[in-house]
Structure formats: structure tokens, C-alpha cells
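Quick heads-up: structures coming right below.
Okay, so subunit A shows up in both of these, paired with subunit B first and subunit C after.
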Partner chain A sequence: MRNWPRNLKLGVGLLIAWILLAVFGPMLLTGDPTTMDLMHSLHPPSLAFPFGTDNLGRGVFTRVVYGTRLDLQIGLFCVVPVFIIGTTIGIIGGYFGGFFDGLSMRLADVAVAFPFLVAVIAIVAVLGPGLTNMYIAVAVVNWVSYARITRSEILVVKQMDYVQAANILGFGNTRILARHVLPNVITQSLIYASSDVILAVFTGSSLGFLGLGAQPPAAEWGLIIADGYSFVSQAPWISAFPGLAIVALAVSFSLLGDGLADVLRPELGR
Partner chain B sequence: MALPTDPLSAFLFSRRRLLATTGLGMAAATVGVGLPRSGAYADTPKKGGTLTMARTADVVSFEPVVPTDNMSIWAKLLIFQLLIRTSPGGDNVVPDLASSWDVSDDKRTYTFHLRENAAFSDGTPVTSEDVEFSFQRAIYDKDSWAASLFPKLSMETPDKHTIVFKLQQDWAPFLAAVSVHGACIVPKAYFNKVGVKTFGDKPIGSGPFMLTEWKKGDSCTMQRSPHFWDPNRPYLDTVVLSVIADDNVRMLKVQSGEIDVGTQVPFNQIDKLKHVSGLDVQVATYDRIDWFQWNEKLPVFQDVKIRQAFNYAVDREAIIKAVLFGYGEVPTTFLPKMFLADTENKPYPYDLAKAKQLMAASTMPNGFPVKCKIYAGDTIFNQVAQIVQQMVLPLGIKMSIEQVEQDTLNAQQASADYEMSQGYMTSDIFDPCELVAFAGAGDEGTFAVWTYYNNAKVNTLAKQALGELDESKRKQIYLDMQRQIFEDAPFLWLYWTPAVTAVRDGVHGFAVLPTGNYWLEDVWKS
Partner chain C sequence: MLSYILRRLLLMIPVALGITLAVFLLVRLIPGDPARAILGIHATPDLLAAVRARLGLNDSIVVQYLIYLRNLVQGDFGQSYYYGEPIARLVGERAVPTLLLLAYSTVLTLVLAVPAGILAATRRDRAADHVVRIVSTVGVGLPPYWTGFILILLLSVTFKIFPIGGYGNTWGQRMFNLFLPALTISLNVAPLVMRALRSSMTEALGAGFIDTARAKGLSGWAVLLRHALRVAILPAIGVLGLNIGFLVGSTVIVENVFSVPGLGQLMISSINTRDYPTIQMVTLIFGVIVVLIYLATDLLQMLLDPRVRKAQIG
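Here is the complex of A and B:
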């Protein structure tokens, strides 16, 4: 750990801080993120309301802190299933080739034929708005990246001498894949995943903003920004603070991704 | 806007502008609509200039009969004339293409005298044949929703400038029906030559302006019609209706002077814009009411106690203050604040104890969950829904909010695929008969806006009012009907809102009418 590059240390540190905030932050707050107080609407930031209040008198600070839970959850649920599915498809397709490979890559072509956000919006529009449907939509579109990354790595790795050697030694496919191939192809996907989390949070926030993701009155950063948008000239704090939170989370994950890349793929290093 | 008898079209498009508002206000009251001709006013109207007006959405089509969205309706009324139109006061009709009309003693024969110098913008004179053709379409076209406004009738055209309507039954709101926007006058020969589709894109009318360029999704440009019946008007050379959907951008542009008129000022910006120099914020009452509605095909909403409990549990004053920044009124009837509306009634007071009592005595004493659909992107209703959600929680009603894309939600309403949803209506004519058929009577095409509220007494009164020629009796019928509907509470009524418009100082004579549209032939720029 001492040898970790600085960006990785920082990224991991910030991520731990975010997780602590998501888990314990709400417990430390007395306010509720959805209870309105119409008497105290549009208050600028003050001691009582560190980030001010929104148009319905809810504390923006409270909402942003609660939002951490939801947005981290979005990051997690959008990436982990997709990572597993995409990587698995990529490994099987890349290693065995044949019909499955052809089929999965043609499906991938179809999935990426549409711009990412357009495809997600279209699917959510059909399934109906809400977070669960958003996770489904992201999974339908986003597995492609992982499958392609893994597959292209595997095409290289399976030609390597050590894999050939394992083959000649008569090892089973499972053993070769799990022990020799996977550890060598997974890093790229892992690094991609850490930056993909940022995109997932962005997607979640964008859909929240459009009314297709989290539904009001949930405290989700994109939704809070959307709520504040109409008041941006009067009460810029409503949108500004959740916006900053998104940026800060993005920086954390991007440091983490960078750091992972430096450690796991030193050949890419600068 | 819109009134729908055709299940989809009406409700559907009308609601494009939910936030809305435009209007006159104090300024407007003094200015009035016919302003320019008052000689006492030092400034005399000046000819020339371009008026740029920013609206929230584009015109769908200039076809006169089919579109029911407000943007299309209000734009087409600039290029077409009606026989007669709703007065600025919103309680009568005034001449438009017809300079005068006679009504027989039995009120079965209406004779309209057309302006002899009226001509379409291509120079062809307007004849009674064009009028007959236009009414044929408005009443009998399969796509027309306005048919239910008219009684059985026949038309006669004794000469080029006279048209006679012979009614086969007593029909009190006939003049109001004639003023409906679907009955605007089109040139028969041109219409038949190009067909409906082309006409919707390249319309020709006898109104003060003619469409010269339409960049879809961006702007409609109209020039003064050289053949308008009044040689002195319109004063403006050009009118540009540009589409600026974003509230913030629209208001910034009117502040910077890039546009002359910014419609639908968001409520939260009214007070701020009132202090901007060079800008006049007009607040005008217009015929609009907003609500939440329930699907009475679901047993729970067939229980009147539950519907009433909702109405008692919601503090409308608080909503108006928080969301509309005070620019709204608590409704006392299901109609907008319009002609014959029951404004004397008492609104549902905010009374949580009473609401709890009603709930306890209802079929669902412990409450229930309900899914409420609102339009995605409607910032006003987004807030209102969240407030209502919290207000009905003490009744055990767990309301969840789902934002649905506008056209989808309209279609879902029309197919009864909802539990609770937002809604609103505005009137196209001064008489309430249109909205009574739309939102009151349960046996008409829209089944009371797809709430499936159906009270035989209301339905009977609605029919009776159409044929009642005695004005005071008719008023009483509508009064009884409104009290009944109000007590039955098929809607959770929210507020009457004004139309709020930001107008640059150099623009004179602009006003939003009770029907939401605007006459621009009296507008001039200094």
C-alpha cells in the first residue's frame, strides 16, 4: 500500500469518505430530506441551512447528503451487474469463438448503433420511469463495452505462450480461463469500470433531471438540480451544491481509475 | 384551447403549456384591447415594425379544425378570421368577419352579414360560400371535435355576403359556438385545390396577418396581409412567433430586448421582472383551471367521501403561495373563473379534521396507496404534487409520483390507464357549455375528462342548459349543476391561474384575452 501511487491513495481515501458519508451521514442529520416547510422556502445558505433551502423549504444540505446514498447506489447498480455480464460474455465469446461469439458481437453492434443516452432514454420510456427500469436500460446497452474490452484482451492473451502451454499440458478450459486468462484480462475492465461509475452517476442524474430516473420527492442529485433549475436566478444554491457533489464524486472515481491503471497496467504508465 | 370530444386530440395537445400565463393586469385593464383608437392618448399608433413574441412551443398545424393545442390555436387566430369572436371582456361576442348579425324572435334563425371588403391574403374576396364550407368542416368533418357545440342545423347563402343558419332545435349557446376557433374561415377553392395536408402547412386566411415562413420547431413569421378588410390595420409589418421552451432563456431574452413579448412568465420570476426597467409584466385572468383527477373506474375513487377528503386535506392557499407566489385563486367551482361560473360558492376549506372524519367513514378508513402521474418536465406540477403528497399523508394516503412524457400521459388518461393524474382545461369560447361537456357531463365523449364521473342529475342539467333560451333560468341551471359537481368532488381542484406576459415598453396595445389568445392587429411599436 505504501507503494501505491498518490492518485490511487487519494482516490481510495475519497471513496471511503463518500461511503462513510452515505452510510453514516444521514444518521447524524436531524432533518428529513422530503419534509417540506413552506414557511422557509428559498432561504440562502446559513448556519441552520448550510446549503440553503429549496423552493419547498427542504434543506439542500440534508438532501445532498441523503442523495449520496442514492447516487452511490446508482453507480453501483449500474456498473456491477453490467461488469459481470459483459465480462462473462466477452470471455466466453473471445475464448471459444464460434457462433456465440458471432451472435454476441452482432448484438453488441446493434446496442451501440444508438447513442448511449438516447438508447437508455428510449428503453426507459418504454419500460416506464424509475430507478429499477433505469438499471435495466443501462444493463441492456452498457454490457457491450465490457464484452468488447474483455474480448479484445482475450484474443491477444489466448495466443500467448503460457496459455498455449497450459493447453498442451491438457488443463481444462475452466482452469485455464480462471487461473491464467482471467487475471490477465480483467484489469482493463476494472479500470474502465471505475470510470464508468462516473458515467453511471451522470446518467442517473441526467435521467433524474429529465424525470425518467429517480422520482420526486427522492433526494437524488440530478433531481435536486432539476428542482432548482427554475429558480437558478433567484436561488442558485439549490442546483449548485448537488452539482458540486457530482463533480466531487466524479473526481474521486477518476483518481481511483487512474491509480488503478498505474498499478495494474504499469506498461501504460507515464 | 382545447376541448375534446375526440378522445385523444383534445386533451392531448392542449396541454402543452402548462405553466403558463400571460396577460394583462393593471396595465391591461386600462389599455384594453382596442386601445389605439382612443384619441385622448397622446401617442397615435405608428405603422411598421416587427413584433417578436416568444412562446413555449411551436404550432403543430395551421389546419383549422383538427389541432387542439393552444400554440396552434392562438397562432391560427392571427391569420384566420372567425365569423364573430369572443369579446375582450369574456362574456359576449364581437364582430370579426361578420360586421353584424340578426337573430329571429324564436332564436332559431341567425343571419350573419359579412364585411363586403373582406378578402383572403391572396386577394380573393371572402364569400358566404367560403363561410358555409368552413362551417361544414367545423361541424361535420370526422376529425372535428367541435361538432358537439352545434345543434342540428342547415345553412343557406342567399347572397355573397350573407349566411343564414337555421337551427332545428333551441340552442342557447349558438353565438358562442360560432365563435369557436375550429370554425375559422378558409378559402374553399384554395383549400380544395391543395388539400388538408398542404393547407396545414401553407394556410391562407382573411385575418390581419399571413404566414410567410415557418421554420418548424423554431419560428413562424407572418407579414401584414395587404388585403385585410381594414386598410389602417394591422400596424405591424411583421410578427415573429419564436419558440423558446426554456423559461429562464425566454425571460432573459425579453429582458435583453431580443424579443418584445415573452409569454408564460414563470410565477417565481414575476415579482423580480416587475422591477426590471423597460419591461411591463401583464397579469391577466384567463379561463383556466388546474386540478388532479382520479380514475373512477377504480372502486376506491367511486367513494365520494374519499374524493371530498382529498379536497379538505389540501391547503390550496399554501400551494398558491409557495408555488404560484400568490398568483392564483382558490376555485369555487369546477369551471375556470369565467362567464356563468359559480364564483359565489365557498371553496373547499383546508380542514384536516373534517378530512380525517370523512376518511374514517369511507370504504378505506386506513388509507391506501395511489400512484399519481404528472407530466415530465412540468416544474409547477412537480412541486404541487410533492406538496399534495405530504398533505394527504395524515389521511393514510400514500401517494407516489410518476413523471410521464406528455403525449404518453395524455394517451394513458384517454385509455383510463391511470389512478390519479394532473389535468387542466381552458375555454375556447365564452359560454361554459364547452367545458361542461368536457369535464362535467359524464355521458359525453370524454367521460368527464376520463374520470368516468357520471352523475345523471348533472348530465340532465347539462342537456337542459343547452336548450334553455331564458337567460336567468339557464344561469340557474348551470348554478345548480356546478353546486352538484362541486359537492361530488370528482376532481381535486387546485387553482385558477392568470396569464402572465412580459412585454417590452415600446409595445402598445398587447393584451391576452380570456380565451388565452391575443389580437395583434391593434398592436403597434414606438
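Here is the complex of A and C:
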């Protein structure tokens, strides 16, 4: 750990801080993120309400802290399933080739022809708004990145002497793939996943903003920003603070991704 | 060169078919009866039957797809349930602001990224480089619906320079009104292009032909712009091309933030009115736009880079 590059240390530290905030933050707060209190609507930031209050008198600080939970969950649920599905498809397709490979790559060509956000919105439009349908939509579209990354890695690794040697030794395909191939092809996907979390949170909060993701009165950052748009001149704090949270989260994960790239892919250099 | 373009166009056919198939199947994803989903729970049986017939739901799915393709080719995109006018006209009107916004944000992206990239590469590891890199790290993390808010807050509400949204009637007005939306998108994309340019520019500046150009006695600017940038801009254009999907996706949000009457706004309002044929068509158009831009990027790179040109033809 001492040899870790600075950006990785910082990235990991910030990630831990975010997780702690998501898990314990809400416990330390006395307020509730959804209870209305019309006596205190549109209060500017003060000691009692560090980020001010919204039109319904809810503390923006409380809502942003609770939002950490929801938005990190969005990041997790958008990335982990597609990571597993995409990597598996990429490994099987890349290693065995043939019909499955051809089919999955043609599907991939079609999936990337649509702008990511447009594809997700279109699928959510027919399935209905809400987070679960958004996770499904993201999975339908985003497995492609992981499958393509893993596949291109595996085409190289497949030709390596150690894989050939394992083949000659008569090891089963499962053993070769799990023990020899997987560890060597997974790094690129991992690096990509850390930046993909940002894209996931962007997507989740964009859909929340457009009214297609998390539904009111949920405390989700994109939703809070959307709430504040009607009060841009009266109460800019409503939208300003959750946005800062998103920017901070994005910077944390991009430090993490850069750091991981430096450690796992030293040959890329800087 | 012509044969390469032809081959590249032929390769687009399966993708184009795939896009139409995906968009066709999209509406079949509607849980339950699509006709009921469109008309709502109070629809009469007669009306349901009419919509089923209009959607061709009584035929087999293969026949339905072929009919859908035939209609597309004939330019019959169907009728919008909500607006009650042909979708072709609706989409055609809305495509203009979106394409203008796309072009505008691409230009702004280059205007921001190219000087910053050159600055960072020539002042590598000095203060200017660090500033550019920090600003770009933050820039990538700016969600468009929030950047839009901050820009509105600063430049529309506080300083009252730009309008809060809208499109305008003359081209001048449009260029003025679309400045903030385009800036919002490019603040997000420019950092990526800048990073690519910084690294390719650094590499180019270390190459032998730069020493040669300097030895010939060319001025610093001439070396930088006519020799180094000419090589270094290619990977940056590639990165811009790769992120075009992201850029197009951002227009959906930005149009809704700034009330630009484009395809993205049409898409969201059609979702709210359950106007599925319109959603279907807008999705298709977005797919077509992206595929065409990929094609244009490829051809542009080929035009600019003799090495690619040779590799493709030879």
C-alpha cells in the first residue's frame, strides 16, 4: 500500500469516506429527508439547515446525505451486474469464437449505435419509470462495453504460451478460463468499471432529473436538482449542493480509476 | 478511396437493419397489450381493436417487422397519437435544433480543448499544465443538468446576459440562445478531447520531424501548429468521435433544461404522453445520427491522415 500512487491512495480514501457517509451519515442526522415542514420552506443555508431548505421545508443537507445512499446504490446496481454479464459474454465469445461470438458482437454493434442515454431512456419509456426498470435498461445496453473490452484482451491472451501450455497439459476449459485467462483479462474491465460508476450515477441522476428514475419524494441527487430548477432565482441552494455532491463523487472515482490504471497497467505509463 | 467508402457503406447495412429491428422490438417490450398501454385503461374495445390493427398486432411478428421496414423506406413513419400529425413532419421539424446544437457544441468543444491541450503539452508539468489537468478532471464530472443550472444562475439570473432558455426565430437569435446549452455539453466533452490532445501533442513534439522543422529555422508557432498539431489532432478527433454517443445523449438533457424544441425534448414529452410511435421514431433517428457521425469521423480521419488512407486502400 505504501507504494501506491498518490491518486490511488486518495481515490481509495475518498471511496471509503463516501461509503461511511452513505452507511452512517443518515444515522447521525435528526431530520427526515421526506417530511414536509412548510413553516421552514425556502430558508437559505444556516446553522440549523447547512444547505438551506427546499420549497417543502425539507433540509437540503439531510436530503443530500440520504441521497448518497441512493446514488451509491445506483452506481453499484448499474455496474456490478453488467460487469459480471459482460465479462462472461466477452470471455466465452472471445475464447471459443464461433456462432455465439458472432451473435454477441453483432448485438453489441447495434447497442452502441444508440447514444447510451437515449437507449436507456427508450427502454425505461416502455417498461415504465422507476429505478428497477432503469437497472434493467442499463444492463440491456451496457454489458457491451465489458464484453468488448474482455473479448479484445482474451484474443491476445489466448495466443500466449502459458494458455497453450495449459491446453497441452490437458486442463479443462473451465480451469483454464478461471485460473489462467480470467486474472489476466479482468484488469482492463476493472479499470473501466471504476469510471463506469460515474457514468452510472450520471445516468441514474439524469433519469431522476427527467422524472424517469427515482420517484419523488425519494432523496436522489438528480431529483433534488430538478426540484430546485423552479427556484433558481429564489433558492439556488436547492440545486447547487446536490450537484456539488455529484461532482465530488465523480472526481473521487476518476482518481480511483486513474490510480488503478497506474498500478494494474504500469506499462501504459504516464 | 472510393472503394473504401463503398465498403464502409456496405458494412453499415447490417447495423442499420439491427437498429430498425431493435427499435421495432422496443414497443413489443411494453408489458401486456401495447394497444391498452397506449390508450389507457378506459379505452373501448372498438378503439383497442383499431389501434391493434394500426400497429399490425394481428399479423405474425416477422410480417409486422417487414411492414415496419417497408413503411420506413417509403417515409411513412406513422401518426403521432398525441400531436395528431405525421411523425415524419414532427421529427423533421425537431431535428433542426438538435443538429444545430450538436454542431455548435462540437465547435465549442474544439475551441476549448485545442488551445488547452496545446498549452498543457508545451508547458508539461508546469503550473499551466496542472491547472488545465485539474480543471479537466472536474469538467468530466460535471453533470449537464447541473452545469446548465449553474450557467443559468450565473449568466441568466445574476448577470442577465443570456436567456434562460428557448430557441428563437432568426439564425442570429438561435446562435445566441443556444450558446449556453452548447457550452453545457462541451464543458463535459472538451476535457476528454483535451487529454487526448495533450498526450498526442507531447508525443508529436518529441518526434524527429519536429527537430527537423526547428532546424530548418521555422518559428515556434509554425512548428507547433503546422507540424505538431497536424499529427496530434488525429487521435483527438478519434476521441471526439468515440464520445459522440455521449454528446448526443447529453442533448436530450440539455434540451429539456433549456427548453430547446429538439428531438430530446420531443422524446421526453412523448414519454409523458405515452406516444410510443413517436418515441420509437425519435430513438431510431438518434441511432441514425450516431451511425452517420461515426462514418463521418472515419472518413475525416482518412482524409486527414495519409497513413490511414494507405492502410485502408492498400
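In this section, the second predicted complex is superposed on the first by the 270 of 270 C-alpha atoms of A that agree within 3 Å, B and C clash if a C-alpha of one lies under 4 Å from a C-alpha of the other, contacts with A are read in each partner's own complex, and residues count from 1 in each chain.
Quick note on the criterion: a contact is a pair of C-beta atoms (placed from the backbone, for glycine too) under 8 Å apart; a residue touches a chain by one contact, two chains touch by 3 or more.
Predicted model only: the values in this text are computed from it and were never measured.
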Using the superposition on subunit A, tell me whether subunit B and subunit C clash or fit. clash
Please indicate which partner A:Phe51 is in contact with in the superposed arrangement: first for subunit B, second for subunit C, both, or neither. neither
After lining up the shared chain so the two structures overlap, which partner does A:Pro216 touch, if you call subunit B first and subunit C second: first, second, both or neither? first
I'd like to know which partner A:Ala250 touches here: subunit B for first, subunit C for second, both or neither. second
Considering only touches as defined above, state whether A:Ser205 meets subunit B (first), subunit C (second), both or neither. second
Looking at A:Arg106, would you say it contacts subunit B, subunit C, both, or neither? Reply first, second, both or neither. second
Which holds for A:Ser230: it touches subunit B only (first), subunit C only (second), both, or neither? first
Compare subunit B and subunit C by how many residues of subunit A each one touches, and report the one with more. C
For A:Gly130 in the superposed arrangement: first (subunit B), second (subunit C), both or neither? first
Once the structures are superposed on A, label A:Leu38 by its partner contacts, choosing first (subunit B), second (subunit C), both or neither. first
For subunit B, which of the listed stretches 63-71, 135-143, 315-323 or 405-413 runs into subunit C? 405-413
Of all the subunit A residues, which ones make contact with subunit B and with subunit C? 125, 128, 210-212, 229, 232-233
Per the touch rule, the subunit C residues reaching subunit A in their complex are 14-15, 18-19, 21-23, 26-27, 29-31, 137-138, 140-146, 149-150, 152-153, 157, 164, 245-250, 252-253, 256-257, 267-268, 270-272, 276, 279, 283, 286-287, 290-291
Looking at the complex, which residues from subunit A come into contact with subunit B? 34-36, 38, 41, 55-57, 125, 128-130, 210-212, 215-217, 227, 229-234
Can you list the subunit B residues touching subunit A in their complex? 247-248, 266, 268-269, 272, 318, 321-323, 376-377, 379, 382-383, 385-387, 389-390, 400-405, 408
Looking at the complex, which residues from subunit A come into contact with subunit C? 106-107, 109-119, 121-123, 125-128, 198, 202, 205-206, 209-212, 222, 225-226, 228-229, 232-233, 236, 239-240, 242-243, 246-251, 254-255
